[in-house]
């Protein structure tokens, strides 16, 4: 199964890389700081893996490691999205005055 | 296997659509005619399926259908790429004069 | 399941091909990288084909068949790539037809094969149905479109009451049949029904659409062809097909949207609006006197102007007059006249049509100005030379609410100090409607075939400058 | 293998999440759609988490653990999102550390689990090794970076002979250990070796890099964090992780490239150039007389100018002086003075730093001009007000081949008719080098903390206008 799916995964990786480069290149310079914190939050998607490891409750070690991983990821998600929105609020309000 | 891979394929479709829209939107108006013939040639990738059907030589019907499909696809590949290049040559030579 | 080495190579070649196709389209965004794009495309296609030929299931005799079919394809493809630029829309339509055909045939073959070895699942039947429906309707639809563009089929829309319901009904039946087949894949009698209905639907879909809308329809069929390739990808579980198909689908879709916008029309209006019916009705307009001029006069007006705008249209393409246009352009620039070309997004018969023609005539594309940029300059323009353009300079689009092209953005030729309009007659353009520009007070018609007339103008200019020298 | 319903829902939620993440970044391209981007991001994350919680393998007690850990995460995350904007780089570094840690821990856990139930394949070990190496080196590396930015660790680069060889050697050993483990997954003693080396490598990687390069390094670590997420995706065969990781990786890479370009440096120079060593050496320059002025004088000069350009830098961020800047901006515009802000791509400590601060102070971003557009206007500028900017206005970058920032494009403040420079002392900026601008003949220094000094200038302007009224 791993090998079987390998090429699908490589395909997804290749396409995602293209999407990533195109999307990021279009982000206005004005917003590069929010961009950093937003991608931050998005890459905390590692939470998915952490949840499964913790949830399976296979053995103490994996539970411990998983729980820490969940904590770390959730921290990134929460702080990442909140701070991005906090920064963007400032820009948002400027729009009309532009 | 079909079901198993279904989601990989949906993923690939989703990502490819994003790539497609982003890439095409960046094509200069100047080149919309060559664009039509180039995508034409690329979509003749159906040749892959046709080759397999024909090559397997399972039964007369599939051989016949496959062969016609190969013919049709190859026609598109050849004419598509050739005419695109023919058109682009004209632009290419203009570049310096710009 | 482990991969054999050959299999791994195949998969990698597909991955490479997909990446190359994306680069190919990326590089097409600027003229100076565009040809690299073609190279990438060819490389990608080669990688895909070589990778496929490695497929273990392919038997010796198979290679012969493949080679044979490929050779015929090459033999047909090369001449098809040599068509004059005016025939490009037809060629495009035909190749969509071929694309759809290939998808349909592969789907059919797959269904038969899986039916026999009993490996049909509901999922497989479902995606095959989609592939086949899209493939065959693209096939017949594109043939019809090509016929209308080549004018071997009457370009006028043919309509009858309840038409749209009948068409949608047919499509509905095909879909129902597809679902029936999914529920029980062995109901093989349903398959021919699906095929037949799709072929028929493709024809009926185009019949009510006027010739002027064919380019838009072609682009739409382009995206259908792409989608059928995507469906084939799902059938064969091949991700390269999905990616390439999606790229094609996106391109077709975007181009048709651009055209609709430029004509201020909606998709539904294009597909079901039976645009172009009004032809007869409109053609019968009251006849306002027409002032016409000789090529010599035209040359004088142009020669003495300081600002000239040339508006090329479909007529220049038909007459292959772009090289004469170039001569005029050079003569005038020699005399220090400022000459610009006003390019309307839907001038001609396909997106970017005029750009290709003028590029062929080696006119530097710095001189080509898009509609939105040139319009503000029109009032300061001394002479506007309209070469076989009609609808794209028809003031009715601005003023006459009743006109079928009302709201379509146009090039404001009528606002320039003087207009020289070249066409062969007072016949309408593709939209089939009269054009008040030709009877306007500041307009002089220069009748005749664009190639001949512009040739004369160019010569006249040349002699004058000789005389002057 | 057939999917259970729950499984299908999970997969669909992942598909949706991936699409939403892409939209999220697409909408970030313009300020007026940017907040929609955040909403899409949150929606995507929620979809992904809910989909994951449906996972059949998760047992009841598991949910408790997850909830507990999540609550702690929320408790820590909220304060972390409230940090002052000047601390954003540190916060970013810390969250990269967390991201790397999560990836490393998941990889470790997976290895252990698969080791016990004997389902380790060479492929799995390979991707786990990559995930773990990237994860842990990002973890320690980012912590080091955060420390240097917070200046709890000496920002000066620490170097010793053969440093780069030692570092690369360590990484090499880790990789070899990884390969050894692939060949025989049961050699479990190799795993701790890999982990340890990665952690150590992260530290040693940052030690020789100066504080001024930390922002670049952070962005680079950003893309490492993304890549480790990608690797995790390969381990867990989860395509959402691959997509999200790739997006993150691309963003980090592009931002660091932009910064390197704006500093005219190469990646290798940033990573191994030990930039910032020269600090002491350079600081000892011959002392040219410095002319300084009071806030009152500065206010007079500004008030009587007709064209003013304000160049903000890191100092404005440290002093939180953006609101005072706003006051000056308003006072001057009231008097009809034309005020523009010159934004250098690497002014401050992260890309877009100045834009955020000025936006916070509600300065319309129409007034912000990028370096390349403003430079041609500098010679026609009456007064340039430099607020805590140093390196980005250091003429040495243009003239002095020996300078470490030579070739870095700068804002040509020195070309304006007069320069008012505010900073607290003659100390160098982050690059640690002297700045001839401050000793130039057309420059007046206005010493003091930016917030205080600009406050005084704003008040002085206010009183004058009162007096005038």
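Which chain is which? They are A, B, C and D, in the order written, and residues in each are numbered from 1.
Keep this in mind: a residue touches a chain if its C-beta (ideal position, glycine included) is under 8 Å from a C-beta of that chain, and two chains touch if they have at least 3 such contacts.
Computed from a predicted model, the values in this text were never measured in an experiment.
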Comparison of A-D and A-C by number of C-beta pairs in contact, larger one: A-D
Approximate Å spacing (C-alpha centroids) for the pair chain B, chain C: 16
For chain B paired with chain D, centre-to-centre distance based on mean C-alpha positions, whole Å: 41
Contacts with two or more other chains, residues of chain B listed in rising order: 1, 3, 5, 8-9, 11-12, 15-16, 18-19, 23
Numbers and ranges of chain D residues touching at least 2 other chains: 22, 239, 243
Pairs of chains satisfying the touch condition: A-B, A-C, A-D, B-C, B-D
Chain B residues touching chain C - in the complex, by the definition given at the top: 1-3, 5-6, 8-9, 12-13, 16-17, 19-21, 23-59, 61-63, 65-95, 97-98
Partner chain A, residues of chain C touching it in the complex: 1-3, 11-12, 14-15, 18-19, 22, 239, 243
Contacting residues of chain A [partner chain B, same complex]: 5, 8-9, 11-12, 15-16, 18-19, 22-23
For the chain C and chain B complex, residues of the former touching the latter: 17, 21-22, 24-26, 28-32, 34-35, 37-38, 41-42, 44-45, 48-49, 52-53, 55, 57-59, 61-63, 65-66, 68-70, 72-74, 76-78, 80-83, 85, 88, 91-92, 95-96, 98-99, 101-103, 105-106, 108-110, 112-113, 116, 121, 123-124, 219, 222, 225-226, 228-230, 232-252, 254-255, 258, 345, 350-353, 355-356, 359-360, 362-366, 368, 370
Parts of chain A lying in touch with chain C, wherever the complex brings them together: 1, 3-4, 7-8, 10-11, 14-15, 18
